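Letters are used for the chains, namely A, B, C and D, taken in the order the chains are written, and counting of residues starts over at 1 for each.
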Amino acid sequence: MRFSYLGPRGTFTHMALMQISSDEGGHIPAIDVPAALRMVRNEETDFAVVPIENSVEGGVNATIDSLSNGSGLRIVAEMLVPITFVLASRGPMDLSEVKRISTHPHAWAQCQNWIASNLDDAIHVPGTSTAGSAKAMADGAMNFDAVLCNPLSAEQYGLTVIAEGVADNPDAVTRFICAGREGTALPERTGSDKTTLQVQLPSDEAGALLAMLEQFATRGVNLSRIESRPVGDSLGRYQFSIDCEGHVEDERVQAVLIGLHRTSPHVKFLGSYPSAKQVPVKLRPGTADQDFVAARDWVSNLLGK
Amino acid sequence: MRFSYLGPRGTFTHMALMQISSDEGGHIPAIDVPAALRMVRNEETDFAVVPIENSVEGGVNATIDSLSNGSGLRIVAEMLVPITFVLASRGPMDLSEVKRISTHPHAWAQCQNWIASNLDDAIHVPGTSTAGSAKAMADGAMNFDAVLCNPLSAEQYGLTVIAEGVADNPDAVTRFICAGREGTALPERTGSDKTTLQVQLPSDEAGALLAMLEQFATRGVNLSRIESRPVGDSLGRYQFSIDCEGHVEDERVQAVLIGLHRTSPHVKFLGSYPSAKQVPVKLRPGTADQDFVAARDWVSNLLGK
Amino acid sequence: MRFSYLGPRGTFTHMALMQISSDEGGHIPAIDVPAALRMVRNEETDFAVVPIENSVEGGVNATIDSLSNGSGLRIVAEMLVPITFVLASRGPMDLSEVKRISTHPHAWAQCQNWIASNLDDAIHVPGTSTAGSAKAMADGAMNFDAVLCNPLSAEQYGLTVIAEGVADNPDAVTRFICAGREGTALPERTGSDKTTLQVQLPSDEAGALLAMLEQFATRGVNLSRIESRPVGDSLGRYQFSIDCEGHVEDERVQAVLIGLHRTSPHVKFLGSYPSAKQVPVKLRPGTADQDFVAARDWVSNLLGK
Amino acid sequence: MRFSYLGPRGTFTHMALMQISSDEGGHIPAIDVPAALRMVRNEETDFAVVPIENSVEGGVNATIDSLSNGSGLRIVAEMLVPITFVLASRGPMDLSEVKRISTHPHAWAQCQNWIASNLDDAIHVPGTSTAGSAKAMADGAMNFDAVLCNPLSAEQYGLTVIAEGVADNPDAVTRFICAGREGTALPERTGSDKTTLQVQLPSDEAGALLAMLEQFATRGVNLSRIESRPVGDSLGRYQFSIDCEGHVEDERVQAVLIGLHRTSPHVKFLGSYPSAKQVPVKLRPGTADQDFVAARDWVSNLLGK
């Protein structure tokens, strides 16, 4: 099994990939999200692991658009990774000795309050990625004392962790997906699943978004994420990237898909997969599989079938 | 074929029945609506013709409740009858000679303006029904000069029509239904059909009526009549008698029925039948049969079926 | 204070009137509902008491239509009366001696199961009203042994109650209203109030009923009764008689009224009055008066007012 | 009047600014969007011009988040700029002579098809911005023959345009806003206006998005843009950045704002301003100012005010 992922080695994306595959031999870093997905489409890898959503930054447009616009991919898993950093150096040292820190500017920004409280006269030495800073330190770079990186790259590059849980927002989390080709078998339903869709609205209809959301509501299917993305041909024309609760093998999700297919110019099914949190879905009355089956049987009976 | 109907012979209901069966030998008058329907349930007749709705008076509760509450009946046809009267007498006479008029008080009320304009000193002689007044005149009653009755009873009792189209509201119309037993074959679909349902709301849920109507709206099915009727066990608990556009063989109507069956404590299907007006239903985009079939095929395909 | 009511003396309507006025000197029976309301409009009485809804029979169309169609009346109170009967005679007697019972056919129908269980060979002697049968017995009529009437008429006509709580459905209840002229002062708001409206739908708009109900839903106002009534000019054109929770002095009810006035061809306000049950309304978040006031202040502030 | 804008000089943002202010003396380039807005907040400039939305790329998160999260800014104008490029060089030259082109990688990507058709063996020399490449050419850089930049920077740096209207998607357009401080006077309403809002949903309520959209729909106010952005504290908690049709001085927009303020934990008003396209809003029946005024007067009258 080969996995392309948003590299380099040791990124948060790599941490997500390690949750589902510990065999590093099959891990192939890609330069960006479209490249990671392209490797799956081109059959260079079997799956790609890329970020889709961050609790602070929001949706990852590169992922959403690459999934939607190219040929068929299918999401088969999601993974959550807490976005906290470690401060690491070549060997044990005291916090008070840390004067110069290398890391990616985003990481530096996300830890500013922590640094101000704990290391208030430390200086930032910009790196191209947190994993890149870790590698540079391991390779012997001398112009900084420590790096802010994630726990995985500290470990991979043999660094010593001198502070853990470094983050201004300790609950920050990024959600990653693992996508295979369209033909990949659907993961089994677990009772706590998500389905990802791309839905375009009929153009120039007041209330089109409301009508689209009603397709979910009348079947008791909750949304867990909705992002508007431009269709691309003019301002004001949107498609929506949506995660909803449930699996395409759930009758209620099938009913939503049928309703969307009828009323939207384009709907794309991007996969059903177990929810990372595995909290069982609370079904509203009348939305269990047996409710749909019983209702269909009743109608068949009316029709004398 | 035997038909029970709301009698006596010559009523507007009888006029409705004549639209679908001219063989008077099979016409059996009933004393009231429940009696006419009971004769079908007891297999004394094959069908019952009863009024369900009047453009001025509204729904006929006796019909709505008898259909809903007893064992299974199935509506197979609807008929519209304009509610206008004729002024009739034993022989030709001038309007100015008409001083005393027998009719049912309802009919008298519905013609008051016409009478004031045309016969301003005429006096009302109450009768038990308009058909009854016509029969009394034919039998030789002497205490009135003319009767206000419908055209059918004037003809049936051999009276002479001295004024036609008598009515204050010339567009008043009553809608009648023809109901057989539950096993009766469904009338073929014509593209301009109606389906009649009885739907109970889940109790004590704010927004339950709105949610029920959404089941129709998301499938593009219009309602042509909705009446609330008490469930009967306490104030504030309702069921709804509904006519919607379409036939149970239409995919969109089946989808509505499935949605209602899932979410309502009780749904009763009371029949699909050709609309009397035969105006083709204007389908909203995405609600034709082929849209449902294509959407289901797409979902089956996703499931690898 | 003079009150017209649906008579004769001793009816259930009279019982409802007694709940709000014990001075029988001011009670004036009317022959039917329109007559009772006409007496208010003509200033022959100050208020009329008429039934509006029964838990078994549903809405009282004569009341709904008379309120809606004529000039302005205003409902100022509602009263609930349980619909149970007493069996009464001229003096004490044993149930086994009761062979012939006079009452109105409706009352006989509502007690059929009770009679079958307790007096199985009793015979019905039809009367014009339950109060009329009671009066006839008091006046010395000899062709029946007992009457089925309401407790009030038994008392008023000096009869002896030989069985109480006679009813097949012991929870049956009728709701009555007391209506004055339009200028009558609004009853004070109690926190458990109802508002009665008549709302016509814009014609020929799919989804018009849904849109009308949304006007209530977006302000968190629940409906406790909704009846469709024909506009009268053609089949399929409806207006709705509605009771909603709340008083016109509640901000949320005012917001609903403003929304309805804007979007409906005709809205009629028929009164706000204390709910008979006095169960406090459960407000949804954001629908209390102070929420509206705060929101308006915020907007005024944006406008620099 | 001083304007900060997303620089450097000659960017598309600068083109947008030129639409409303031709005095270059007051134009102050900023290094990024947050910096441009910060200069307004700090009173270093009076207004900031920044991109908010692109027809191909979608919403500009840096702008949306900077507007929403910091202290009060107010949008007072929007400007549309078509995103097409010119090919420019130091002097006239034939297309066939162009072998090496400098530009920002985004611009290169957006012109790939055009280049393949017109200059198929040209090579990309990456620049830090399109304006930066233009400046470098003007300054005498020798490692490329031409630049892809916008018309403004070609003019500002004195280059010769050798091809115009270079773009794969000739309708691509970016929308810019001009924002002042919160106290800035509201632009007058024109009848074709937009209002920008930030609305947070009540957490963990199924149907909360639907309910929020109903606040707009019941007042007939259309949305022209909706973007979900994370609240930031956990995955699955969203706020929405919304543009709707209309001005806060329109009664229907005020009614929407009142409804949102009541039901959302946080609503932020970010300005009302003329729509760049100046297509008059098509009002739905019952949503004009006079409809609101008449409805309020009616309710005041009911209350005896």
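Simple rule for what comes next: a contact is a pair of C-beta atoms (placed from the backbone, for glycine too) under 8 Å apart; a residue touches a chain by one contact, two chains touch by 3 or more.
These numbers were taken from a predicted model, which means no experiment stands behind them.
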Spell out the chains that contact subunit B while also contacting subunit D. A, C
Copy-to-copy rotation (subunit A on subunit D, CA atoms, range 0 to 180, rounded to a multiple of 5 degrees) logged as 180
Separation of mean Cα positions, subunit C and subunit B [Å, integer]: 27
Between subunit A and subunit C, centroid-to-centroid distance (C-alpha), Å: 59
Going by residue number, subunit B touches two or more other chains at 214, 217
Write out all the pairs of touching chains, ordered by chain label. A-B, A-D, B-C, C-D
Spell out the residues on subunit C that touch subunit B in their complex, using ranges where they run on. 53-59, 61, 80, 169, 171, 173, 175, 206-207, 209-210, 213-214, 217, 222-230, 232-236, 238, 284
So in the complex, which bits of subunit A are touching subunit B? 185-186, 202, 211, 214-215, 217-219, 248-249, 254, 257-259, 261-263, 269, 285-287, 291-292, 294-296, 298-299, 302-304
